[in-house]
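In what follows, subunit A forms one complex with subunit B and a second complex with subunit C.
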Partner chain A sequence: MWKYIAKRILIALGTLFFILFVLFILLSFMPGSPFNQLTLTAEQIAVLEAKYGLDKPLMIRFFIYVKNMLQGDFGVSYNIIADYPVIDLIGAKFWISAKLGLTATVVGTVLGLFLGLVASIKHNTWLDTGTTFLSVLGVSLPGYVFALALSYFIGFKMNLLPIVYSTKHPVSSLILPVLSMSMGPMAQIARYTRTEMLDVLGSDYMLLARTKGLSNRILFIRHALKNGLTPVITVLGPMLVSLMSGSMVVEQIFSVPGMGSLLVSAVQTNDYNVVLGVSFLYSLMFIVSMLVVDLLYGVIDPRISVSGGKKE
Partner chain B sequence: MNERKQILKIRNFAVSFNTSSGKLNAIRGVNFDLYQGETVAIVGESGSGKSVTVKAIMGIMSPNQVIDGGTIEFTYQDGKQGEKTVDILKLSQKQLRNEICGRRIAMVFQDPMTSLNPTLTIGRQLTEGMMYHFHTPKAEAYQRAEELLDLVGIHNAKDFLKSYPHQLSGGMRQRVVIAIALACNPDILICDEPTTALDVTIQAKILELIQDLQKKLNISVIYITHDLGVVAKVADYVNIMYAGKLVEKGTVNDIFYDPRHPYTWGLLSSMPDLDTLDTRLYTIPGTPPNLVNKVEGDAFAPRNPYALNIDLRMEPPFFKINGHHEVASWLAHPNAPKVEMPAALKARIEKMLREGENHG
Partner chain C sequence: MKKHIACILSAAMLLGLLASCGGTKNPQGESGKTVTIAKSILPAHVDPAYAGSADCSEIINMNAAGLYYVDGDNKVQLDLASAAVESEDHMSITYTIGEHYFYYADGSQGPRITAYDFEYAARRAIDPIASNDNQDTRMMNAGVKNARAIHDEGMDPKEIGVHATDENTLVIEFEVYIPYRDELLSGRNLAPQNQAFVEECGAKYGTSADTVLNSGAWLLTDFAVGSTSITLKTNPNFKGYDAGKANVDTVTFVQIQDSQQALLAYQNGDVDIVSLSGEQVVTYADDPAFVKFGQAAVTYLAVNCDEYSNDNLRRALSCALDKTALCDEVLLDGSIPAYFMVPYNLTTDGKGNDFRDTTKSYGQLDLAKAQSYWEAAKAEMGIDSVTLDFLITSDENAYTVGAWIQDQFQNALPGININLVTVPYESKMNYVMAGDYGFSVVTWGADYADPTAFLSCYVTGYPINVSHWSNAEYDQILSDCTVGSMASDLTARGAALQRAEEIFMDGASVIPLYQTSTCLLVRTNISGINYHLCGNTYDYRSMTA
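Right, the complex of A and B next:
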């Protein structure tokens, strides 16, 4: 088990290193430089590039970056806030995106599980049809459609909730963004849960369990749920990360100062260090969530042994 | 022989399914009897209604299934009230669960690879029935589980109880499934093609095991199968089923040595045999009728080379051949023309009889 985890962490580190390298090269291909204001003269630009070490060859820059990174220094921003450490810049934006994403995931998962379970238990009734319709809607419509609809009807027409994020009302002004972001995950989880549960409920072992004369509650909780929900965990990890790393469009619509807007402006202004920092964080989150999901799988489903099936 | 005690009595049982193409009459009036300690096999092609019949005994029905009539009377010893007879079709789901399923009637399914829950330990799956029905304390239930596994040929099973189904082979799993079925000391064990999914070497062992257990525990067994080899090995009585009706019933000897229904002839002829000179395996021509359509006369008539005119118009009743052998075919009517079974089959039976005399 621990050997497996150690192996996975090593692979993760390798992957991260590789991602950084590819990003570094790709960023160097981007047109322009961080300093492309028209007022700057060629000499001024050269001075600025020398100041940030951008005049050195690509490979040297990469190794300097990695060396600093290993010491916890992700460099400074060039443009967004000049000379401001990237780590602090991300830190300020990350928590709001994380809070938004985490809440949206929890809301979406709870609603999705509920709808999926209802649909599977009441298979082929109007409840099933209704939830299927809802989830098709949720999967096919992008989050910003919900965002626009919600902000127009609930925020603007009915004036029930703020349509713009404000630090004065951190809870109420997050309700609409959370709702619009949780629609997609809700639909996806509902569909997944329904399919998996129908599969399980129609299985031979459920029939055998029924012939034991157990109560419906035991049948459902002990025999069906665990088997039906295990696959749902697989989609949960990546979903959480993609929501936590910020939905650019939804954040834009509700003016939430999150990671989404940070990344967009960093890319637009060639703020290399910020782009690298944000991407590094995203990759790290994805890799960690995959690892957690794989480990969870091993705990929940005895058929999956994470240590590589050496037993027996 | 002591007096036989009847524990299951099915009368005029009829079932239909609502399908997109109309009402499908899957079971069209079945009478079936089971006596204590005996084994009855129900033999028939896929779709003849074998499984539907036995599942109904346990109250398991599909959502689109309709009971059109009949009774399933089950007689059992109730701890408080002594002997008791109930009509299973009239019981509520709750009564069925608490009194019948698992506790007095248990079932073994066809495919042991899929009939165990992959996420629960063997011990848990073995004990949960007892713990639910009898509130057996956990330690005692696990003790009993170990005994049950010993009974089905898995010895020193303490560690075994902690393992999961995926760690066992198919034969082992079927033993576990049988042990689960026996957990609450049922009166009736229903085996729905218990060996079809196992490989041949394991098949015989599992059949012997079930026979052995039956003698030890004095339970009654219903076998569902399309394998006449299995029937010859295990059954006391045989019911041949075709298109939702029983067409012939009798003892194993009646069916194998003195078959009367042309369908039974067909089934017996299509058993592979090493000694036949014919290099082709006999098959019954045609396919079973679509039960969405109304069946006129004998359902087997269109496939029956010996069919009489009346077979196409009137449904044959059961004719008694002797005290325990009945056949639903007009050929058994006293006025019917004398029709012999196919010569090849006759030769085969005579050979079997001679061999029986020589060896027996």
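Right, the complex of A and C next:
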């Protein structure tokens, strides 16, 4: 087990290094320079590029970046806030996106599990039809439709909640963005849960357990729920990362100063270090989440061996 | 199962409880008279040396003061200087910095503002490396000694002609007398900065309320990177011009990126001032809270003369656009058609008349003329048709305007095909700067009230001359009017600049589209905001509510 974990971590580090290298190469192909002020002369642009080491060959810049990064230095911003450390800039935005994404994942998962379980238990009843309809709606409609609808009816018409995010009211002003962002995950989880639970509830081992006289409660929690949830965990990791990395549209509608808008600003202004920093963080989050999900399989379902089967 | 349902119900109740925490009126919870202003973007910093964008300048204009202040009547007044004495040859001004000016931060008095702080600010602002890509050009245009050499020839910024002789005395030396130099020197990038404090803060200077020393009429009390609002309170100790005129205790800027959401927030009572865009302008044009003012900004098509060097081709394009229809049917935001490069209400012709009133209009819609230019171009170029690349940005408004212009050109001039090249918003300037474009929409706003704020951009070889257009007579006039014989002769200068505009428009290297206007909803109980045509647009120093 530990050998497997070590191996996976090594692979993850290698993947991260490779992603960083590809990002570095791609950024060098972006048109223009971070210094776009119309009044700057070619000589001044050259001086600015020398100041930030952008005049050095690509590979040397890459190794300097990696060396500094390993010491916790992700460089400075060129444009968004000149000379401001990228790590601090990301830090200021990341926690808002992370809070929003994490809360949306929790709310979406809880609601999705509830709807999926109700649909599977009350299979072929109006409750099943109703929850399936909600799931289809959640999958089909993009998050910004919910965002606009919630904003207009709950925020504006009913005046119950703020329609824009405020750092002064971080909880109440986060409810509408969270609800908007949780609709997609809710629908996805509900559909997965319903399908898996119906499969498990109709399986032979459930019939056997029932005939052995187990109570419905034990039957459901110990046997059905545990087996039915494995596929949900598969989608949960990437979903969490996706939501935590920020939704551009929902952030725009509710004015959440998160990672989505930071990345777009950085790409548009050729703020290379910020683009690299944010992209690296996304990659790190995704790879870690996949690793955690893989390891969780073994905990939840002992039939899945994380360290591989023994050779016969 | 019951447990699960209980958990979900608890979560729902928690959400309800959280919802009850959300007060929407006076969202910042400030006491006293508070004015809340919606902005689509808030500045990431308030460092005067880096303040290249309007959102930065608006805040800096509140919490910082400088040598001069432009009042509500657009008159330049001394601000943090007790006196200014001009030398007989007009080549230097000596300012007295009174001993009663201090910085304020955290509600307490900071160090004294000295002449050395102005000298340090000037060096930072003119240094292309220290100020990154927001290097000050106002000192250059004001004729401050060595500013042009620092910009063009890489001279050491310490050589700038702004020197403190002692704590109370600041001397600015000039290479040439520019009549409107006081206005140029009113820019907040020359606001005093305490060198020790700036160096102590390092890269974090101006990025939070704790890393700012306030010298202006307002105190920055709440500001941080990533914050959704910025709060300023009146500075009761401010001693500059119009001190104590505002009766508002707190001004809060809140970030609302989406214009529709901003309008809802205004209707909800959450904000007091909101910008209108597009069709919102038409909807609210008769509202008592509706405010409209023109800006000294012209949006135009810059045509790359390296790509399309035929003058008649460019002239054909310039006569083929119905700019009135563009403003009234497409933009709908209060902008007015532009048949000029120097906009209305910017400045006079040197004889007291509006510069525009005593000169010509250019590029009026004239399809017959456009057709004849196009026929001439075809003959000269030996072609029957041509495909022109039109660089636009990918946002919805730009695409709508781009598609409309494409349609106009193609209908008016058969044989001309317009190929829309779509790129992300800010990447566009990379292509334009590199000359890798056919023609593109560019907006240029004046930062001082003089025709040269627009016309200087198109001098041969100037970095802003993105059309790469060149005309020797034009260059000579601009040189004479900025650093030469006519720089201080206002009457001759006015006529010469009108001639320069005529030469420029005849070259059709740019096709003006419209002069931009700004439309707002301002609650009717709020007054005293000064809206400036150029430079810093909004001034709240005498705002009352």
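Convention: the second predicted complex is superposed on the first by the 310 of 312 C-alpha atoms of A that agree within 3 Å, B and C clash if a C-alpha of one lies under 4 Å from a C-alpha of the other, contacts with A are read in each partner's own complex, and residues count from 1 in each chain.
Everything that follows uses one rule, which is that contacts are C-beta pairs under 8 Å (C-beta built on N, C-alpha and C of every residue); 3 or more make two chains touch, one makes a residue touch a chain.
Everything numeric here is computed off the predicted structure, so don't read it as measured data.
After superposition onto subunit A, partners subunit B and subunit C are found to sit side by side with no clash. By the document's definition of touching, neither partner reaches A:K3: not subunit B, not subunit C. Touch criterion met: A:L214 reaches subunit B, while subunit C stays clear of it.
With both structures placed on the common chain, the touch criterion links A:F35 to subunit C but leaves subunit B unconnected.
Greater residue coverage of subunit A by touch, when subunit B is weighed against subunit C, goes to C.
With both structures placed on the common chain, the touch criterion links A:L160 to subunit C but leaves subunit B unconnected. With chain A used as the common frame, the shortest Cα distance separating subunit B from subunit C works out to 19 Å. The interface of subunit A with subunit B does not overlap its interface with subunit C at any residue.
Residues of subunit C that touch subunit A in their complex: 1, 4-5, 7-8, 11, 15, 18-19, 21-24, 27-29, 44-45, 50, 52, 128-129, 132-135, 137, 151-152, 154, 203-204, 207, 224-229, 254-258, 261, 264-265, 267-268, 270, 424-427, 429-431, 433-434, 436, 463-464, 466.
Residues of subunit A touching subunit C in their complex: 30-41, 43-44, 47-48, 51, 76, 78-85, 88-89, 92-93, 96, 107, 110-111, 113-114, 117, 121, 151-152, 155-156, 159-169, 171-173, 175, 217, 220, 251-257, 261, 267-270. Interface residues of subunit A, counted against subunit B in their complex, comprise 124, 203-205, 207-215, 218, 222-223, 226-227, 230, 300-303, 312.
Partner subunit A is touched in their complex by these residues of subunit B: 58, 60, 63, 96-98, 100-103, 106-107, 109, 111, 114-121, 128-129, 132-133, 164, 166-167, 177, 180, 183.
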